[in-house]
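Heads up, there are several structures right after this.
Two complexes, one shared chain (chain A), two partners (chain B, chain C).
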Partner chain A sequence: MNTDTKKEKGAFGKFVESFGLPRLLITAFLLLLLILAPIVGADLPTQITNIIARFSWNGVLVLAMVPMVHSGCGLNFGLPLGIISGLLGATMSIEFGFTGALSFVMAILIATPFALVLGALYGWLLNKIKGGEMMIATYVGFSSVSLMCMMWLVLPYKSPNMVWGMAGKGLRTTISLEGYYIDVLAKFLRIKIGNFEIPTGTLLFFALLAFLIWAFLHTKTGTAMTAVGSNPTFARAAGINVDKIRLLSVVMSTWLAAIGILVYEQGFGFIQLYMAPFYMALPAVSAILIGGASVNKASITNVIIGTILFQGIVTMTPTVMNNMVHMDMSEVIRIIASQGMILYALTRKTEGSK
Partner chain B sequence: MNNNTAKKGNFGNFLRRSSVPLMFILICAVCIPLSGLSPSYLVNEIVTRMGRNAFLILALLIPIMAGMGLNFGMTLGAMAGQIGLILASDWQIIGIPGMVLAMILSVPISILLGMFCGKILNMARGREMITSYIMSFFINGIYQLVVLYLMGSVIPIKHSTIKLPRGYGIRNTVSLLSMRQKLDNLIPLTIKGVKIPVATFIVIAVLCVFIVWFRRTKLGQDMRAVGQDMEVARDAGINVEKTRIIAIVLSTVLAGIGMIIYLQNMGNIATYSSHSQIGMFCIAALLVGGASVDKASIGNVFLGVILFHLMFIVAPRAGAAITGDSMIGEYFRVFVSYAVITVALIMYETAKRSEKKQGGEQLKQAQLEEESK
Partner chain C sequence: MNEHRKKVQELRKFREGLADNPAAKDIARTFAKTLLELRNIKKDFFGNQVLTDINLTLGEGEVIGLVGENGAGKSTLMRILFGANMIRETGGYGGEVILEGKTVGFSSPFDAIEAGIGMVHQEFSLIPGFTTTENILLNREPTRRNVISEIFGERLDTLKRTEMDERAANAIEMMGVDIDRNMVISDMPVGHKQFTEIARELSKEQLKLLILDEPTAVLTEKEAEALLASIRGMAERGISIIFITHRLQEILAVCDRVVVMRDGYIVNEAKASETNVSEITKWMVGREVADGGAAPEVRINEDAPTILSIEKLWVDMPGETVRNVNLEVKKGEILGIGGLAGQGKLGIPNGIMGLYQAGGRVTFEGREIPLNNPRQCLDSGFSFVSEDRRGVGLLLDETLEWNVAFPAMQIQNRFLKNYLGGLIKWRDEKAIKEVTDKYIESLAIKCTSSRQKARELSGGNQQKVCLAKAFALNPRLLFVSEPTRGIDVGAKALVLNALKDFNRENGVTIVMISSELEELRQSCDRIAIVSGGKIAGILPASSSVEDLGALMLSQVI
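Our next item is the complex of A and B:
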């Protein structure tokens, strides 16, 4: 009996260790919120609809972390670079007069070459500075966002739906997607029961991309990528061109980020320019970490679990808190939980790093 | 022959090290005439900003000495300083005594935060910078928790002028009218229309002397040893972890005091945003002055303040003059601040890698020589 409980404790302890204490706390917190929601009078189906909707918006952005983590480039704090490619695609697609679903397809097509070129440059840079990727990625993101702030003003956009009405030039800070690709994915096969809604199309789109990444990681090149990430010296000895694989992973991440922001916009309904992409990397980074990824290990499952947990907390906390204590502390809780998660991941010892 | 290449390398190194300041001198040289601002206005502004920022930037020097890179966690000290100021202004202690009280209040908070930050950084060795950067966001969350929810409800705040109308939490701006420029104007001096904040400069000078003295102490020497090579330092019997924590604590405390000096010049606190940008601007200014991630001197600080803030003042005007849109200049200076940090980080990392390679090649050569013997 006594030894039995000891054993159980050991197993539990092991579980906590492998799962990570912060992750456990966050899961418990979300469960608590879900239980509290109906008690304090929040409508549970609406809440769950919100979580699923937000999951579908953000899934691809979080997925964009996976290739770079796999090849050992660390967490992609340079996500804004890919987002900018996506924004260029989105604004140009509207500028060229495409509407409806076609504007979404064109946005992806136009964004792709930008993402490939910027991603290749970014990957080339990251190959020069192995070991310091994360800090430099952060600042590459910041510099590119602030550079684009000038560009949005200067580039010769003309579409009256996008430029400032008075001056007739310079893009607005937010551009409505009404008439363009708002909800274009979400509308596809949408399931609606009372207050409960599932944006099937967006989820399918995410599933398709996730499947492609999963399949890619199981090809020869994909396995090579994992090998580079877990042990670069060994990979080099095995005849893998480390730099080339890393470059490929960065290009993939950047492209996924470009697609990710387009998916986000179709759900959100607006294109946000200027300083909006600035801090978009941090929620994606903390989401994948909450899902169980570490600085050099990440899977599709981590992406799915992490996005649900993170977005769950983001949507549930304000409503539950407001109904319970009439005090909106959600912003503070979100900051502490997400940044705390990133800090935790950074302090873990990782094997084979450097 | 060998000597010659070494000399060339030195010159190249010099160019590389001073490329950022040179670039900035160029930018300023182009922008100043375009902005149309008078020299006396510029000198006045630069002197004011020197007094406002130099102390904060000096706080960055010690962690660089200890090999911990740019301390993005200096924001922690800034938050401690702001808490000190909020409390001091609530207790209505005015003028210099109020500032001193705020400093005294900020020090224990800074020490606690610095110790926490140092411990975490010891666990994240090799990626100190990104960790201290995320740390500043994390502590910002806790700062908001304290200032927005606990102040007024748990921590007593008496005066409704700084409290939010709902009864707890601090307003978005806290006026420091009673302390405004009290230190700057303590010893008034105006030379040819340029107002010089003598007392502030004296405080800054004292800190400079302290840093020079500190480098020569046992602790300072230890820090430099740790910065050079952690393993060698450990073998020499230095407590590496403790030394690193002390470096961060010192930097945080200095940043707290620096923030109070900064805010007394500004005259009010933007409770939820004053601290968030301070780290970025200070680091950018230091790098513009020619510092790198592993080497920075007091000279870099002052050169950096002058060049960076000169750019900061003239860029919007020059941008407006060229393009007819003032926002362009506004975005331009933000872009330049980030770009400078990016370039400096890239140069540091590439230099580190080529050094490693050079070390390897030297070893190879030495081995070859050994064999030929």
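Our next item is the complex of A and C:
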């Protein structure tokens, strides 16, 4: 009776099915941009360097989606909460006077307890509203950002590198990391050939975290997490404490987001406060969706492919377009391209059956 | 249930009588006039042959019963007949369909309807807010012109209500049943919905061939009887019928001929009056299947110690409320729990296993088991095969390996490799594959590999995976709830045998809950009947169906 579903396909068909047609089209578009770049006069090695750099900044933030997706809590629209923990770590590390590579290590260490506590509260909340996680997560993210907008002004930061020059209190919107941990990972084993550059250290750091997540998903608890996401009733019938596993996944996601923003900052060179975290969740969500993840299935491969594709399109489109029309519209095009990608990614969000 | 069986048998006797009576020979006719002929029908889906050389003729007014296991090709064949789009989209079919002497090739179901073929599907396609009459004549209503429709076109014609009523009444009468023509569909019992569907087909004047795809699956026994009677009535009026069902008794009762399909072939055809259930079953599955009747070896050991005792159990399971159950399960037995739907038999295992809120006292091997805590039950050596296979029983999107090994891994720390003194518990893929392969082999699970997704298996094979999962826990007490629901005859026998073997060879006590009395009588040692949320009585499995049936109805609320 079900024989009609057993369709046999050629090798090409199988490849398209496993890789996914949308991803194939996006890859083709990215390749087209890469081919066009030298023709319209953009420097290809610089462009590729840009893509790799942006991948290295954003990789961990996208990776932060994975644990929550696995436990069935959906996409972590509450990413800003983790980012805020990271920002607290970053600013406090500077405030306490750490510099250089040590300031990065201390930022991670200080951010961790914040991420654990906030993550646990966030997880507790998500356990109360099963089924509507993504909606609530979005607003948790938004409201925490707004709360912190006030806190950045009120908290007693003193470091002259961070506070407003005139008032002597209240943190600035953008804080330069010069002298602190700018490029601290990227510098490590950096490969440089002409205009072409690979931030080896950042990539290795991402690889390390990705490996840890991959390894975690192969342990007993990791297996339970995937099962909870796949069918919570099954997991409960198998004696799993579903709420505990979900809480763990939220804490992990939040912590990864905190680390993710620190990695982002060391590459970007600045700490951005106030409304900046507001806009961090959607690109990460889109990247993992474009990478082929669904609301309750995501793999490390999805993270890597998705981040490369998303960041690739977002960096390449403005450059190529600018060079084609000879007019500086890069900001406009960047917004159109990135928001367009987000919109597209959200429309192809697939809810794995539960 | 029993009563139903008797009625069906009576009907069958009546028909056999017709066949024997020379005067009635023309009723059990020879079908001189051929309505439909299928010649060498072939169909493949992308090289996967699903129908091979199907040859079939159908006389005018003949009723044929089409049987076969799930996946035998019945549905595909009917789709070809009905001109389903899906057939054309997948490359059409080979061979010829000849209707009334002319080769036909329907390009859509509308053409098929035009040519006089009607089909009643398993799922209803009715408008819930409309009455029976409106549904029967939907879009074919007799109409009258009026002022508005003169201006705006015929879509605004007035309906001729009286004529509609008459035509609906005629169609309903053709079935020989009585349903309310003015009742709204959403208020109807399922059976009446089914009749409305059939009446809609009958009301089409050109109807010559009616295809019924498992029409009795959703009906109560009374309704099924009425339907069977109406099938005969329709045949008398010269309509040919292809009747697809899993209930072989019904086929024997109403059909002139039985056609058995297996793996895309017609393996056998026989006059319904010259064959029997076990013969058909044998053709269907290509192997012997244990016939009905009580278990060949019912073992009742009065001295066996009590392994599980349930006192004053209540369970708040919607639709299956357990009120006050006291029950003792003896070590090593297979205890059946039967009862009508909604009387609470399903609530017992679900409550004990902690899936629904429950209260009372459950003692296992002398130790009290805390309720509402699935983990504690599993730790004590219970295991549960849920009746809700897809909802509770399986990780549909994961591999068979995960499905089989998951509970054992989580509860008993098996299939894990320990590193750093147990700090890291790594999944042992090799051990998982081994255990899965073992069960794939011993339970004959049909799959491409142990890494196939559970969703892709058929119902019967999914059920076997659920069993494998429970067996892999090495339980001391196994609850099995509705083990054969929704699976075909062949898989049914395999599942029941696997349970029996597991009990006999490993000495595992099994509590089996099932709505099918026959199945309980075949597999169990004792049968407890639940009625009104309480145990109405416990009888040996060798007791007669009548005695068990009487208990079922004793305390119904």
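Everything that follows uses one rule, which is that the second predicted complex is superposed on the first by the 302 of 354 C-alpha atoms of A that agree within 3 Å, B and C clash if a C-alpha of one lies under 4 Å from a C-alpha of the other, contacts with A are read in each partner's own complex, and residues count from 1 in each chain.
Simple rule for what comes next: a contact is a pair of C-beta atoms (placed from the backbone, for glycine too) under 8 Å apart; a residue touches a chain by one contact, two chains touch by 3 or more.
Computed from a prediction, not measured in an experiment: that's the story for all the values here.
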So, does A:N195 touch the first partner chain B, the second partner chain C, both, or neither? neither
Classify the contacts of A:K220 with the two partner chains as first (chain B alone), second (chain C alone), both, or neither. second
With the two structures laid over each other on chain A, which partner does A:T173 touch: chain B (first), chain C (second), both, or neither? neither
Please work out whether A:L147 is in contact with chain B alone, chain C alone, both, or neither, and reply first, second, both or neither. first
With the two complexes superposed on chain A, say which partner A:K297 touches: chain B (first), chain C (second), both, or neither. second
Once the structures are superposed on A, label A:F234 by its partner contacts, choosing first (chain B), second (chain C), both or neither. second
What part of chain A is shared between its chain B contacts and its chain C contacts? 353
If we count contacts the way the header does, which residues on chain C are in touch with chain A in the complex? 45-48, 50, 70-76, 86, 90, 353, 355, 374-375, 377-379, 384, 386, 391-398, 402, 406-407, 409-411, 413, 416, 424-427, 455, 458
Which stretch or stretches of chain B touch chain A in the complex? 120, 123-124, 126-127, 129-131, 133-135, 137-138, 140-142, 144-145, 148-149, 323, 325, 327-328, 331-332, 334-335, 338-339, 341-342, 345-346, 348-350, 352-353
Sort out for me which residues of chain A touch chain C in the complex. 1-4, 6-9, 218-224, 226-227, 230-231, 233-234, 236-241, 297, 352-353
Would you pull the chain A residues touching chain B in the complex into a rising list? 77, 125, 128-132, 134-136, 138-140, 142-143, 146-147, 149-150, 153-154, 170, 282, 327, 329, 331-332, 335-336, 339-340, 342-343, 346-347, 353-354
